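Several structures are given next for inspection.
The two complexes that follow have chain A in common; it is paired with chain B in the first and with chain C in the second.
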Partner chain A sequence: MTQKRSWAPYIGLAIITVIMFIPLYTVFVMGTYYSEHIFRGGLPLWFSNYFLENLKVVLGNNFIQAYLNSLFVSVASVLLSVTASALMGFAIAKYNFKLKNFFFVFLMITMMIPNQITIIGFVREMRAFGMLGTLWPLVFVWIAHPFGAFFMTQFIRDSVPTEVMEAARIDGCSEPGIFFRIVLPFIRPALLTVALLVFLWSWNSFMIPLIVINRQALYTIPLMVSTLSTMFRTDYGAMMCALSISVLPIILVFCICSKNFVQGIANGAVKG
Partner chain B sequence: MRKKIPALFLMLCLTIMPFAGCGGSSTGQDTTAPAPTTQSQPSETAAQEAPSGGEEITLTIWDWDEAHLTHMTSLYRETNPNVSFETLIVMPTDFMQKLQSALAADMDVPDIILGELLYRGRLFELGILDDLSQTPYHVNRDEMFDFAVQLQTGPNGELLGVEQQICPSGFAYRRDLAREYLGTDDPDEIAALIPTWDAFIEQGRNVVQKSGGSVHIFPGISVMVYETLKGQKPSSYIEGNKINLTERYLPMFELAARMNQENILGNQERETPALNSGFADGTFLFFPCPPWAAKWNIAASDPDGSGNWGLTKAPEGGFTRGGTSVSIYSGSPNKEAAWDYVKFVYCDGDGVKEAFEQFGFMTGFKAPYQDANSYFFTIPGAFDEFFGGQNLAEYYINEISVETQGQVQTRHESTIHNALLAVVAQMANDKSITAQQAMELLKQETATMIPEAEII
Partner chain C sequence: MQRILNMRPRAAQIWPYLFCIPFLLAYMMFHFFPTLYSFILSFYDWNGIMERSFVGVRNYIDLFTKDTMFLRSLKNTAILMGLSTPITVILGLFLANSLFHIGKGRMAYQTINFFPYITTPVAIGFIFSYMFDWQFGFINQIFIRVGLFGEPYFWLQDPWASRMIVVIMIVWRYLGYYMTLYLAALTALPQDVYEAAKVDGANRFIMFFRITVPLLRNMTIFLLLTSMIGGLQMFEEPLLLFSGWANMGNGAMGGPDNAVLTTVWKFYNDAFRLDSRLGYSSAIAYSLFAIIAAVSFLAYRIARRKGGTE
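Moving on to the complex of A and B:
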């Protein structure tokens, strides 16, 4: 007896996919228009011939430099944030030490403090370290990443069997060895999830670069895009062109990590 | 011991954590810590600092007009090679947040601070700007236009800035539409057709009727209220926390509600793509135009419209629209050099002529205009050709500036601007709102934003 396949869910999914894709598609389409022509007679649905002119405007505004700056900030942020978050999560989830509960509560409290409140203290701290005038403050802000540490704590607590760690200890494995050789393979989905989120957040971050960066050569993409407009005229065409190009790495990273990302979110969210 | 390493790392990270923001937000809201509020005193030491005596000096400037900034700083360096510049492009919408953060964090604050009208009232009340009428600057108010003095006056009567370029406004108009709907494209004849707002409304009806509703006399209610009427008849309606909104804004709302209900205004509201495209599309006849708007609004939005624009007077006199103040940071270690640059570019230096020729900027000081053979009147301005060969500088100075007054900017004034924007947004959506209803809305919005205010 053969089971009749229903196409309804696929049609529904296809419709939802199209609806979700339209805004992104519109960004790409708008990037090919002269700004004042974009909104004539509703949003355009097909590409125009002004892309190269918009690209010229974008490239003329130091886009390549801003792109490299953003890339450096995001990649460095991901590497350092994921490492720090995993170590913090490992410590809280699997070790017993004095004030452990206090630190865990403190971790959660820091997640609840709006970043606008802490930004001045952070800028002063970076100034004291002599980091202003460099891109490092935009990276360091992600090292002490409370959400990453909390997420890792939950994930490691639930996904890494303590018995496996004990077995490794009995076999003579060092504590760093346990972390790198035993724990990390278990938490790969969580690492990729935090990596993707940090990449996304640091790539799109506007407020901290706005406040910290005081040199044009250090502008990241969001700051550079904001200078494409003037007080009196918004060059939507050039802005959309810049955004189209800038969003590509995020799409690429998500495509690579999507399977693990979904798994990481599901594991971190459901298991209690 | 090995077990303690991750724990020690954790403790170190947690120690740093409170100082770190999450960085995911980009709200652009002005939520940073407040800046110092002590009113600065004019510095006696500035005059003793070496401005251009060979000592290497670096001046920091944040601006949003990159072309002007780059050109003028390069020009200044030709005669002052010891002065270098650290420039940064910052949009006016982000300027106050960045400035307040820099002040609070005690990091690099610009030596020269720009104050767009959007936030000037708040900037002036921070108490971080030098009084330019005092030592070592000695700017004489009588040498500036009246409206310029009013727009640059601080909360305690100080002169806190000079005009980047003057902002008395008339109406820019499309010559082809003017010929079609008004029967002439001559500035004086058009001014004679709209001497009062009543006459303007009458002409507005004619334009709508003749065009079948495809063309309007003005883009929209927010452009009319916020960009035009607000700047026309200023008064001292704010005294401390006592704010007489009724006296200041009821006549304006009566006029605006009439225009709204008579349907003579279009639907192209300020800062929208529809407005930008309207310049080239020819869907409205007049647009409020200070000197800077020739470049930023008209030429930028209608690049193919050269020769098709003109400038005339607004009904019942000139008004101010926008404008930017140029001030000296009271904590600057390079005050004299900063002032030397400001004088060169904005007051009476060689840069004034260059800024006019290259960018159409017009100084807020009267002296250059008092000679009939001044370069302002004899050399074609940067946008004269775009305006059909009309001598814009002469028209602005002799026809518009003489009768224009400016509104003194305070912290409350800036807040009321925001409240006003909320009200005009509602008027744009609901054309049946009466003047009294708009007035009540403005009072409610203002009371919410300034709870301590006594509003009349």
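Moving on to the complex of A and C:
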């Protein structure tokens, strides 16, 4: 039966994959050209040799600062968010307490709340706290991410054996000790998945930084991208180079953790 | 067993609450309180500086009766969502199905098609603003080279062309993601149904529509729902399409004749960009939230009911 396998799916897939890949590819290619040479011989199809010069121009424009800002925001968000989610998920999954079901329903409902109804209040609040001149507001919004806690609850419920916890309890292990020594090793894949997702979301987040950040010294990568056309004017080579190094880190992270990432997203969707 | 569980009754009572504290505290401070604040504000007229005055539901009434731009933004959002959602879902399903049936190279296809989903949305807007630029964009260059156009076409000056470009952007961004989720769902399907169908002489085409599509129903409902919720909140892509490569309208005008001004974009303009009408914009945000909730609820009910009669 399987001998009748045709080439049609391969070819169809290849065509669509190429179309999907072209926009990103052209950005990377154009970033290696001297601006005035890009459009001279029609469409640039292959890499040129001007990448380092473009890179110099780009890095001269505060791009390193923006990288550091984005990195700080994403790493801090991941650490705080994963910790808060794992603890909350652990409590809901493995303890019996009065508000357990209420908390679970609360997570489900809050997952549906869009951030624009929060943002005006959030900005006023950050102003009142005197936080507007810092990067912290961009971190705060990710700490209590309902999806993370929901995902952790599901994962801990399914994959941490309660008997092992009981055994540790009899041996005199404290409740936080159980969390750190027993639960954490079991849920490493889930920690990685939530970490990757929060990293992706916070790295790509645009609307909140756009509203909260008002100094160029605090710009994150997406803000930097949104001002590229005013920053480089007609230096299209540098513009494309800037664009490619903005999307590169996230693509690298994705390629390294591709399997985990895709599985995590798929699991989250199938269960949620 | 019972004795073990009750060994430390007090501790077992306190610890789960302690574990929930970091999350709940952060939620209260950074989500719940601001949400409540915006809600109360939506009944006031306030620009952030002057004294606020209570206006009751007038903001909401004005929005739906006087603000033609708001109504237009709703229409735009509905058009963009209504076109991009079915295209992405159907194309995603077909792609996943063909990917499921090939042996080698599945991971490579999947990885490459997933790139757009993880690309910064702002960058996507920027890339497409370049591709469809009338002067430099490669779409025009290709069309001219092939001989389809005599001279470059000004895509971003045409309302419907602009909308189509936004739809293409959304499809481009989400296709790989939909494909991956469908593929995960396909992998989990029981294979013996297909074997039975094969014995009965069903061909691939029949099996796809009679077995695969119905079995993937839950995933389709999930994707339709999330895509509608996400689509109603569209913002970055159209914004950058008009302020990326060539700065058209300084990022405040929603394209030619405001054809791609989405509701969230309108909200952003009124609250932070063009104006500082915080009360009024809160009303926009809450109206949109109500619409999102209503649409998801309706879609869910319809999907479930259809499932019941089958």
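Annotations
Criterion: the second predicted complex is superposed on the first by the 195 of 272 C-alpha atoms of A that agree within 3 Å, B and C clash if a C-alpha of one lies under 4 Å from a C-alpha of the other, contacts with A are read in each partner's own complex, and residues count from 1 in each chain.
We take it that contacts are C-beta pairs under 8 Å (C-beta built on N, C-alpha and C of every residue); 3 or more make two chains touch, one makes a residue touch a chain.
No experiment lies behind these values; they were computed from the predicted model shown.
In the superposition on chain A, contact of A:250 is made with chain C only, not with chain B. Look at A:90: by the touch rule set out above, it reaches both chain B and chain C. In the superposed model, A:202 lies in contact with chain B only, and not with chain C. Measured by the number of chain A residues touched, the leading partner among chain B and chain C is C. Of the two partner chains placed by superposition, only chain C is touched by A:12; chain B is not. Look at A:20: by the touch rule set out above, it reaches chain C but stays clear of chain B. Counting contacts as defined above, chain A residues 38-39, 84, 87-88, 90-92, 95, 97, 103, 110, 113-114, 116, 118-122, 124-125, 140-141, 143-144, 146, 149, 175-176, 179, 204, 206-207, 210-211, 222, 226, 229-230, 236 meet chain B in one complex and chain C in the other. On chain C, the positions that touch chain A within their shared complex are 4-5, 7-8, 11-13, 15-17, 19-20, 22-24, 26-27, 29-31, 33-39, 41, 48, 95, 98-99, 101-102, 105, 107, 109-116, 118-123, 126-128, 130-131, 136, 138, 141-142, 145, 172, 175-177, 180-181, 183-185, 188, 198, 219, 222, 226, 229, 233, 235-236, 240, 243-247, 251, 264, 267-268, 271-272, 278, 281-282, 285-286, 288-289, 292-293, 296. By the touch criterion stated above, chain B contacts chain A in their complex at residues 2-7, 9-11, 13-14, 16-29, 31-33, 60, 64-66, 86-89, 91-94, 97-98, 101-102, 104-108, 116, 271, 273-274, 276-277, 279-281, 292-293, 296-297, 300-301. In the complex of the two chains, the chain A residues touching chain B come out as 35-40, 84, 87-88, 90-92, 95, 97, 103, 106-107, 110, 113-116, 118-125, 127, 132, 138, 140-147, 149, 174-176, 179, 201-202, 204-208, 210-211, 214-216, 222, 226-227, 229-234, 236. Interface of chain A with chain C (complex): residues 1, 5, 8-10, 12-13, 16-17, 20-21, 23-24, 26-27, 38-39, 42-43, 80, 83-85, 87-88, 90-92, 95, 97, 99-100, 103, 110, 112-114, 116-122, 124-125, 140-141, 143-144, 146, 149, 166, 169-170, 175-176, 179, 200, 203-204, 206-207, 210-211, 221-222, 225-226, 228-230, 236, 239-240, 243, 246-247, 250-251, 254-255, 258-259, 262-263, 265-267, 269-270, 272.
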